[in-house]
């Protein structure tokens, strides 16, 4: 297995947390990132309830869940602090959430682009050593996800290879969600 | 049964329709009004899918479904034309939708107040003669709703009593939804 | 619409009722027949809960629900009085249930054969006048079924045509259930 | 943690497998036992679909799923070879299933009694070393079960303590299922 280090998050604002989080500071824990949009039906019905369940099932000592609001459409409606705050309040989401940093050129937000995500919801797993271990667009079975997370939790932290590359390959997508029309 | 005429809708803008609708112009058909907010979880998971299903099950000759966006919280996020348009697009809702007219004094929107709704989602049924026949806050069983709608469809239109009053009484609420904190 | 009278039920034993029922004696009411087998997954997950819900939604004055245990496979396991009694007890079904009369030649039970059912679950609606109005194999949407039942409830009883034939045509089947391999 | 060895299964017949299985012969693998009855609604809707999903998610090299038909009521209907075979066929269950050995005195079947199960469905986990690690009556969340199974998979086999006792304590039950009226 040729592992790549997970690129650092590029975020604009944080919610449900006192201080901004970073993958670097979370080294030593497993990190699950749930990229979503508040107007994405598959995120609301599947991705975010699953993220909340993961947040409440595993020890905070072992795993951190991060919601990443990766807005690539309807920026005026979804892209404001007020919008996320209202959404998190109404849906009673309690895990840390960040606004993905908007693109300078008006396209995909920066973390979404760096991770070459195909749309929302996308679930990302980063191991204790900071390596990218999973990137999945769409719905995931809970039984298998529970097993995969526990497998990562039981690994020891390893030093990152200095020459590891951040290049990603496509997952292939087969489930409902808001897919990016074309990567820019 | 002491029937009351359904008060006319007070709306700001319409979507999914060429011309604004009115209960007066719809006299002769059954009308189902689904009052919702785009950030109300019970509306997104139950009320609006049910409204879409009703819209697609019954003849347009017999029944009209109207979505009423009755924003009583998070006005800056939910209360704009762009917000509704983005929401209707992402959730693929095809029935006519109106923005409930905002209150002059900043409280509940005007139709919601006139109908003394307890929150969202609220389902309203108006018969062919323009009488208010049901106002229900929360989740409804589909089997019983199908029967109730068909019962109204099979009634003939009757002339409205001139002295009928618009006073409403409380339904009593027992299911999840965004309940109004206190009527103003 | 060329209506046919619903053939009389041919049954062996009755449960959840003091006296055997017959379509003739139920003339004047709408009758819903839910043909099932206790080891049919689609009957257990969909057909029978729906029948119980119909039984509890409509007035007993207007409608009678009858469960028809139409065993066409695993006769030794499903076909005994003890088996049905244990099943009705564990699944807490409270509407009248009859054992479809076994075939003399060992094939499909008699009512199932007479109604030319394609398998289980099959839902049959008989109107107040005793005419066969619906025969559907598989899953049905609750909203539409509620409307269809109410439509039949609001009809008046009509005298049966003397020359009406009992010939049935196939429904075409498109949903999961225990389909009869070939009609004998 | 004071671990107890899992008592050996006491079974009458096996299905979906060429040879009878035993915990002793499965030493080195994790074993999940799903105790059920074919007429138990919670087993049919939750326990058995979950067992099939576990059977299809994890490697057969790491884990074996065993269905245990622990009949404690309706023996004449549920307790025959024909009954289990018909049930497994209709519900398309593919993992190994055993008939729990009937009691000599007519009460609870022998494995169910030895494990002091409170009813069906009950899920039991045995680790690679043969120790009893979980016994749960009722519904389990899939995410947590996936994690728990993976945690056991990643353990090494350990020698069983010679003095380990088979005494079990009650789990406390909080979910729907067929609970034993009183332990005999």
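When the chains are written out, they are named A, B, C and D in that same order, and each has its own residue count from 1.
Assume contacts are C-beta pairs under 8 Å (C-beta built on N, C-alpha and C of every residue); 3 or more make two chains touch, one makes a residue touch a chain.
Just so it is clear, the structure is predicted and the values come from calculations on it, not from any experiment.
For chain B and chain D, what's the span in angstrom between their mean Cα positions?
Chain B and chain D have C-alpha centres separated by 51 Å.
Per the centroid of Cα atoms for each chain, what is the distance between chain C and chain D, given in Å?
Distance between chain centres, rounded to whole Å: 37 Å.
Counting only residues that touch at least two other chains, what does the list for chain C look like?
If we look for residues of chain C contacting two or more partner chains, we find none.
Chain touch graph shape: choose line, ring, star, complete or other and state it.
Graph shape, chains as nodes and touching pairs as edges: a ring.
What's the complete list of touching chain pairs for this entry?
Taking the chains two at a time, the touching pairs are A-B, A-D, B-C, C-D.
What does chain D use to touch chain C in their complex?
Residue positions touching the partner: 38-41, 44-45, 73-74, 76-78, 80, 82-83, 86-87, 90-91, 178.
For the complex, give me every residue of chain B touching chain C.
Interface residues on chain B, with respect to chain C: 50, 53-54, 57-58, 141-151, 153-154.
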